[in-house]
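I've put the structures underneath this note.
In the two complexes that follow, subunit A is the common piece, with subunit B as its partner first and subunit C second.
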Partner chain A sequence: MERQEIIDGLIEVLKTVRVIDPEKLVGVTEETDFLADMSVPSSQMIAIVAKVEQKFGIEFEDDDIDDLGLTVKDVVDLILKVKARG
Partner chain B sequence: MVGYYENGRHIESLCSIHPREILIAYGPKKLLVDQYHWHSPNKGIVASYTPKDYDVEDHFGIFRGVDQIESFVQATAASLSMFLICQKNACAPEDLKEKSVPSFISVGNVNFMGALEKGDTYVMLGKITFYKFKQMVCDGRIYQCPPGLDLDDYFKDFNEERLFKYDLSPDFKLISDLYDITGREIEIEYFRAAKKK
Partner chain C sequence: MGGAFPTCKDLSEFSRKLFANQSLIRTFDDAMAYEKQFRSTVSGFITESEMDLEVIWDPMEGIYPETYVDKLNRIPDTNLATSDVGSIWSMIAAQNAIKMAGWSTDLVQSERTGVVIGSGGSANLILRNGWHNFYVFGRKTRHSGGHTVDRTMTYREAANVSVLIKNKGVCETISSACATGLGNIGYAYRLIKYGLQDRAITGGVESTSLETFIGFDGMMVLSRGFSPEESSRPFDMARNGFVCSFGAGIVALEEYEQAVSRGANILGVIDEYFNNSDGDGDMFYPSFAGQQRLWKGLLAGSNEKPDVVKVHGTSTPSGDAIELLSVVDALGEEGYHLSAPKSQFGHMLGGAGAVEFIAALLMLAEQKVLPCLNSPNLNPELETFQKNPDWNGPLKPLAAYRHLLPQKSFSKPIHSIVCLNYGFGGTNSALKLSRYDK
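== the complex of A and B ==
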């Protein structure tokens, strides 16, 4: 799975999150920060991660999430890592 | 296995312990939960509290709404998630103290229908609506109890169906309903790193 394909899937997930302004989803790059650039409330991050699991058919561990950073790149890296883990 | 072991004692339900055995107090005196009366680990809880002198000091004898929320968080998200984390990691709450801390991170809508004063015993009925990655979201209600009621006896046959319906006798008075009360077990290392920034 290509990184851009993952970003596109991630944006699809983010479009379903009511608290995110759709305008902030235009021009998302790997450097985009969920808190600083998209103003995602930190309490919503877990709900987003749970939706990401469903979208990509993967399952994260608690430790994966403890160590997760706040940029799109961090999430893309994690998805690839978990997919590789199988 | 349901529950966890602490000093060789099997904690199968929160009802078998005092809240101070699992909760971090808000201050030297403020635990804001007196007792657990019913507990279903993956579904919810019933706990009670009676406001003390220090809870209403400088508030004209009234137990404030914000304290109701704090009390509800302690009774639900904090207690319930700590129990499940101990169960998952096969450890006791004491073992987690150096690693992580239960944190109150968000609150949704709260509606107040009544007030509580010092000495008014109330019950908190909390339902888990989401639990994943150490983050727990609960909805629930607070009811003022009829004076003199034996709460352990009243809730001894309580069940999940009654919890979901908030099925209590009419002499319980609805005080508040609370939505999306969110808590998360956060690694202490995270706080240390944030403090350094």
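== the complex of A and C ==
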């Protein structure tokens, strides 16, 4: 799975989260920060993680989530790592 | 004041239907989906679309509202994300109450403004998903949603209203089963009376919930065997249970002198609030002695009769008889009328006392008594408990008090109204309300 394909899927997930301003989802790059750039309420992060798991058909370990950074790159890296782990 | 009322778009439609002697009770669609598992299938309920809300169902199982969309843009998405549907009703009703009260943003966001709102039950629709995902599907806790706590905590309605309006005074809930609605208003009244707050957004809520309905249906205490509009029949001989209903009532209370000096449109004045417990060791059965003490505490030696007694009047066999006889015991056989709004919209549980308080305010405004529908036949015989040698109440049958119970709305001068509500656990609440005389 290509990185851009994952980013596109991630943006599809973020579009379903109503507290995120859709204008903040324009021009998202791997360096985009969920809190600083997208103004995602921190209380919504866990809902986004759960939606990402469903979207990509994977399940994160608790440690994966505890150690997860706040940029798009961090999420893309984790998805690829979990997919590789099988 | 504001609220969520079955089959009504707004407060004016609610008022119009009540004074037109209409019933707001319908066949409960949610219960009909499981018809064989229920005894009773009638309710005064409110759907999301009737409140101009859209449900966004969870994408995993489609069994719980991940969040709501307010099609009229009254409530921001961030507030909707932390709410169950009862909290949304409360926020919309609070906005309407504040607008009607004419409070400025500075007044609303003051340290002297409190929020005191409660409900009787749980946010079942949210919890349903949480427990189902965990126990049945064995999923991680995060798949129950990150807002299970804030959307289901006991004082969720008060918390969500407070976060929305940004008051800086108290934010609390009072929970006392079916006396919750009046209990919250009474507690908020005391906060103002004792000088702790100058104003409060207060009331009670019970959000439409099949789980709540299941609980009462399982107790076999719900009305059965009548058409929906004839199912709630307080004091009638054929009554066989209450109608489990849902709704919300929110009012803006303000310290009297401040409201007068502000030139506020004062809808009513609370003269007194009193509450107590039966103290007889019984969870469910109403207590004549407890209600005698309730009246004594409320009237505090005054001989002034209210023009109307807005009764609890649930349509249950024992509750109605005890209540009617305790009112007669306190006020005598004439000089007032009883109004039983549950005959029109059923029993809204934690919302009942607050929505019925609003019905009382409407009676003051319209100078009309709301009826007790579906009560054509009162028992001409003594109740069994009246034959007990220890009985110390009125010795006439309920039929002797026919003249107190109007079957249709009618006009008369109304200066004061007493509101009564009781709840499981033997809790009793009474509030005296008067018309504001300029």
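The definition used in the following text is that the second predicted complex is superposed on the first by the 86 of 86 C-alpha atoms of A that agree within 3 Å, B and C clash if a C-alpha of one lies under 4 Å from a C-alpha of the other, contacts with A are read in each partner's own complex, and residues count from 1 in each chain.
Here, a residue touches a chain if its C-beta (ideal position, glycine included) is under 8 Å from a C-beta of that chain, and two chains touch if they have at least 3 such contacts.
All figures in this text were calculated on a predicted structure; none of them were measured in a lab.
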{"item": "Contacts of A:1 with subunit B and subunit C, given as first, second, both or neither", "value": "neither"}
{"item": "Partner chain(s) touched by A:54 [first = subunit B, second = subunit C, both, neither]", "value": "second"}
{"item": "Partner with the higher number of touched subunit A residues, subunit C or subunit B", "value": "C"}
{"item": "Touched partner set for A:35, first subunit B, second subunit C, both or neither", "value": "neither"}
{"item": "Which superposed partner A:46 touches (first subunit B, second subunit C, both, neither)", "value": "both"}
{"item": "Partner chain in contact with A:66 - subunit B first, subunit C second, else both or neither", "value": "first"}
{"item": "Partner chain in contact with A:19 - subunit B first, subunit C second, else both or neither", "value": "second"}
{"item": "Footprint overlap on subunit A, where subunit B in one structure and subunit C in the other make contact", "value": "41, 43, 46-47, 49-50, 62, 65"}
{"item": "In the complex, subunit A residues that touch subunit B", "value": "41-43, 46-47, 49-50, 60, 62, 65-66"}
{"item": "Interfacial residue positions of subunit B with respect to subunit A in the complex", "value": "105-106, 130, 132-135, 182, 184, 187, 190"}
{"item": "Contacting residues of subunit A [partner subunit C, same complex]", "value": "16, 18-19, 41, 43-47, 49-51, 53-54, 59, 62, 65"}
{"item": "Contacting residues of subunit C [partner subunit A, same complex]", "value": "56, 59-60, 66-67, 69, 77-78, 80-82, 140, 142-143, 145-147"}
